[in-house]
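Here the structure is laid out as structure tokens; the discussion comes afterwards.
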Amino acid sequence: MQIGIVGLGRMGANIARRLMRGGQTCVVYDHAPEATQAVVADGATGATDLGDLVKKLAAPRSVWLMLPAGKITEDSLNDLYEILEAGDTIIDGGNSFYKDDIVHAAKLKEKGIHFVDVGTSGGVWGLERGYCMMIGGEKDVVQRHDPILSVLAPGRGDIPATPNREGRDTRVENGYMHVGPVGAGHFVKMVHNGIEYGLMQAYAEGFDILKHKSSTDLPEAQRYDLDIADVAEVWRRGSVVSSWLLDLTAGALAGNSTLDKYSAEVADSGEGRWTIEAALEEAVPAQVLSAALYARFRSREENSFADRMLSAMRFGFGGHKEFSPGLK
Amino acid sequence: MQIGIVGLGRMGANIARRLMRGGQTCVVYDHAPEATQAVVADGATGATDLGDLVKKLAAPRSVWLMLPAGKITEDSLNDLYEILEAGDTIIDGGNSFYKDDIVHAAKLKEKGIHFVDVGTSGGVWGLERGYCMMIGGEKDVVQRHDPILSVLAPGRGDIPATPNREGRDTRVENGYMHVGPVGAGHFVKMVHNGIEYGLMQAYAEGFDILKHKSSTDLPEAQRYDLDIADVAEVWRRGSVVSSWLLDLTAGALAGNSTLDKYSAEVADSGEGRWTIEAALEEAVPAQVLSAALYARFRSREENSFADRMLSAMRFGFGGHKEFSPGLK
Amino acid sequence: MQIGIVGLGRMGANIARRLMRGGQTCVVYDHAPEATQAVVADGATGATDLGDLVKKLAAPRSVWLMLPAGKITEDSLNDLYEILEAGDTIIDGGNSFYKDDIVHAAKLKEKGIHFVDVGTSGGVWGLERGYCMMIGGEKDVVQRHDPILSVLAPGRGDIPATPNREGRDTRVENGYMHVGPVGAGHFVKMVHNGIEYGLMQAYAEGFDILKHKSSTDLPEAQRYDLDIADVAEVWRRGSVVSSWLLDLTAGALAGNSTLDKYSAEVADSGEGRWTIEAALEEAVPAQVLSAALYARFRSREENSFADRMLSAMRFGFGGHKEFSPGLK
Amino acid sequence: MQIGIVGLGRMGANIARRLMRGGQTCVVYDHAPEATQAVVADGATGATDLGDLVKKLAAPRSVWLMLPAGKITEDSLNDLYEILEAGDTIIDGGNSFYKDDIVHAAKLKEKGIHFVDVGTSGGVWGLERGYCMMIGGEKDVVQRHDPILSVLAPGRGDIPATPNREGRDTRVENGYMHVGPVGAGHFVKMVHNGIEYGLMQAYAEGFDILKHKSSTDLPEAQRYDLDIADVAEVWRRGSVVSSWLLDLTAGALAGNSTLDKYSAEVADSGEGRWTIEAALEEAVPAQVLSAALYARFRSREENSFADRMLSAMRFGFGGHKEFSPGLK
């Protein structure tokens, strides 16, 4: 099957490569010509702009967007709205907000253009391992793209089957799922990332407790000097906390046990925040997912107003000397 | 009534002064002679050491300790154990751990020495406003010290009476309460401080949201430039969030609206942590009180191991470039 | 000054009464005729519908809406848009979302109608104590309504002045504040309520720890049987946790020390949720305010899906027998 | 190697079986004779009491305790203290508190008896998959038990090796690790379980958000009716949230998609609480791990005092009618 791919960053370029390895045909475009050239070198047809890309695709066309959510995706959708035709399909494989999908799909529908949202997990590992995909859209449109989706998906691999799944949609065991109408794909991916934040923070706090156990703030008799890298490794085997994130953690610690080459300022994408907004809309108590998101906010702050206010209150009530160094 | 006071810091010295203003007699001692002299200048009898203090008191003696919890209080208790006599009383007015009280009382009882624990709230304001006291100990021993306690307490003042309290212990409306046996006073004071952390953090977060509303990270149309000092002031009048802590916050902001003269590294005393330990023992979900305590821990950390681990995982999975500045 | 008041629930009716006591003239309307009559009995002019209310006001008219946020406020604004004239003013004194204010004001401006948003705190106590008001809108329009606002406000009362406020807007010390342009009033009120949730939860958790200290789940030697009502009362005097919310708590406990007449299902209004949304937009770590909101969500749930999932995992991994009673 | 095993519950019996399958010799005892018989049927030598077990072991003896932490483990240690001899070893494979280990080891040392603490993870899966073990104790004593430990451990299996681990202790890649002196094994296992709680709660909240997305409390246009069981399954393939806990969750959902056969009252063992105590001692902000633990506390409560207090405050301030059903 032929597909156009727009956006050839870490994710988009590898998606094109995996598709071509799986026998599919890709017309690719990135606003950076060298990004386009790199994928052309691996067998894709390059395009110089969106118009050129559309011209190089046979109707009914399918265009996969793999762009940052927000303005860039928005602009490309608007441009494609002008130049695509009835019967064509746009697949948004990025991290767009699911409520935006619904607006986008409605607008494209005016011209008879289909819209599919695909939440895509796989990171830099997707090229080799495949991408886990959560898909929203019309049933037959999703079905028509199965040649693409089945190639991108991880497949069963050597992951043991879950019992009691007889008679269920077999795409799911292959790592891709048509989860519902437009927006549903990105909704499920959004929650997926919200969970990811929670899992990451759980490990981070636990290892922090292990790390601080050797702190000289503790009485000597209460200290253990633990090899954190080995602890991460041993938990990968037979322990209930084993996971892919732990594999990655063990890898990072084996190479740099103090983790001092890593920043302590942790970015968050929209999805973590939108997950909390969904929890608010649904009145779901998301204590852990929120706490994990806030830990990221906090990691990027220094000398916060909130903390200064606590100091000010302590001084006001108890006369505690809590002044900033310059003013002591 | 005559009382010995050991420890003449911000709290102890003012306790002595309030007692003397209320017609009581104080023999005072601090390991720093100038601290002793300052209170002697206000009318107390000074002592040069614990032995001297005990000698200057008539039996049955009462000694009020106003010392940092832990080793210093412990050492003084041990010394007094040696030199006090049956029928004497030690009052621990500091912030000792309530389980330690029980051990202390049992030891003193061997010699017939009584023990009373008094959780004392009032900060630098106590001299003028009086001290709110939560008292643990034997009924008659507590009763015997009423001349002291009633003078230290704030009294009814102009605080409106609570309806439906007819027939209840009138000491409570005067701001002091015999809450239970040994340890109970410090237990209630401990929870009091745990609550205090929660209240402080609630204000701090709310004002932080107000403050960030003018951040240039927000689109201009979404910004308000709010006068935080005025907001704190207006909430003091008729609003349900009015409180003493808010009064203090309004005062701090009126003098320094950016709070930049205050440290953003917030200390915590043992009581906040012990409150959470009590919640753990009792299986009480203390989400807010814990979150408030952790915010203080976090305020004193930079470049935390937990945050670096999040960066390491992000790099490992998604190839996100999250390196510390020196190693980019 | 003459003003129309629409919505005569607990808040609206008392606002009318306080205005009339302060010498202002009110034309009032509620969709329930008996609510209208009750305020007419206290001196207001009644109206039978919005049209009638508008007819009974002299231009330039001012109409204060005190209605539930959302559809009801929305509908009334639309109706008034049709029948008011250029130069008139609508004051939304309810708990509307501040972003909606901006939309409302823009629409009304098309016809030259002014809009003022007033966040109003005071509860059932406002009639006697006055209302703390946070006001958004155009400077001169707010100024023109000072006769109304100054009467509704609590005034200085006997609350001690905050030092260092010389030269600042004196309205603030009287309990009302022009905080900024349209929406700013409700924004500040929204955060006010977010803080309120945090404060309430801090007290609730602390008292819960006190309560559980008598639980028979604890070893007998670790129990204290505390008089919670007295603890609340004693903290009102000289303690740093004293506040209006504590006054109310002490009152509730004095009348019903087990609180068994109260529901344990706690409602939340939009403002708590919007406060968290604002924190998300601003990347402010609002751990305590979120935890407090989630505690309310959780209070209204039984047998939650999340908890069942924990049981399912425990069974799956450890064979722990965690089945619902019917299926054990 | 010969070993005595005391406590033949889900974990202990399978540990004996795995050892025997691996060519080791077991003398086993459980206070329930039928539990002993079941393991004898699989090839073990049975003992009728601790004395009998000790008699059937050749010196230097090794006894593995697999008992509930606390009194039962304590009593068995005391009994074994009396009947074991210098040079013998007790291995505590249960979930004891690591500070207790230090006390136990010191006492046993008086008689020359060695002590090893082993945190053992593996659940009902350990028999087939092996047990992940975190071991504390003297180096040579741990080394001497390698025949036992290497058989119990999972081994490398088909889990991909972590890069950069050349030259490190190979036991770790086989799933067991000598983490440090006495107590260190249980300390690491404790944190492991703390992390487990956090991971579980992250999944539980995320799935709860997915589940509530079909709630009729949402406007119809905002609902998706998601197949939660399929979502869990698809995330097992190529997604960054894949983990063993997710495998178990997918299994539970495939068999019972509503999870209505599971209890919503979630137990917690000591380790979750001790992890938070360690965080408190070390001043580590453990927001997520605490929130996860509190969610379990909360799952077991109905009609909590804290929630009633919130209702009481709401009534007191705003006149909101929040009464328990019987008293409305």
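Going in written order, the chains are labelled A, B, C and D, and every chain counts its residues from 1.
The definition used in the following text is that contacts are C-beta pairs under 8 Å (C-beta built on N, C-alpha and C of every residue); 3 or more make two chains touch, one makes a residue touch a chain.
What you see is a predicted model, and the numbers here were worked out from it, not measured in a lab.
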item	value
Neighbouring chains shared between chain B and chain D, ordered by label	A, C
Chain whose Cα centroid lies at the greatest distance from that of chain D	C
Centre-of-Cα separation between chain C and chain B, whole angstrom	31
Chain centre separation in whole Å, for chain D relative to chain C (CA means)	46
Residues of chain A engaged with two or more neighbouring chains	123, 125, 201, 203, 205, 208, 212, 240, 244-245, 251, 283-287, 291, 294-295, 298, 306, 317
Complex contact set, residues of chain B against chain A	10, 123-125, 200-201, 203-205, 207-208, 211-212, 244-245, 248-249, 251-253, 256, 259-267, 287, 291, 295-296, 298-299, 302-320, 322-325, 327
Parts of chain A lying in touch with chain D, wherever the complex brings them together	121-123, 125-126, 129-134, 153-160, 162-165, 168-169, 172-177, 179-181, 183-184, 187-188, 191-192, 194-199, 201-203, 205-206, 208-210, 212-213, 215, 217-218, 222, 224-227, 229-231, 233-247, 250-251, 254-255, 275, 278-279, 281-289, 291-292, 294-295
Touch list for chain D against partner chain B, complex	240, 268, 273, 276-277, 280, 283-287, 290-291, 293-295, 297-298, 300-301, 306, 317
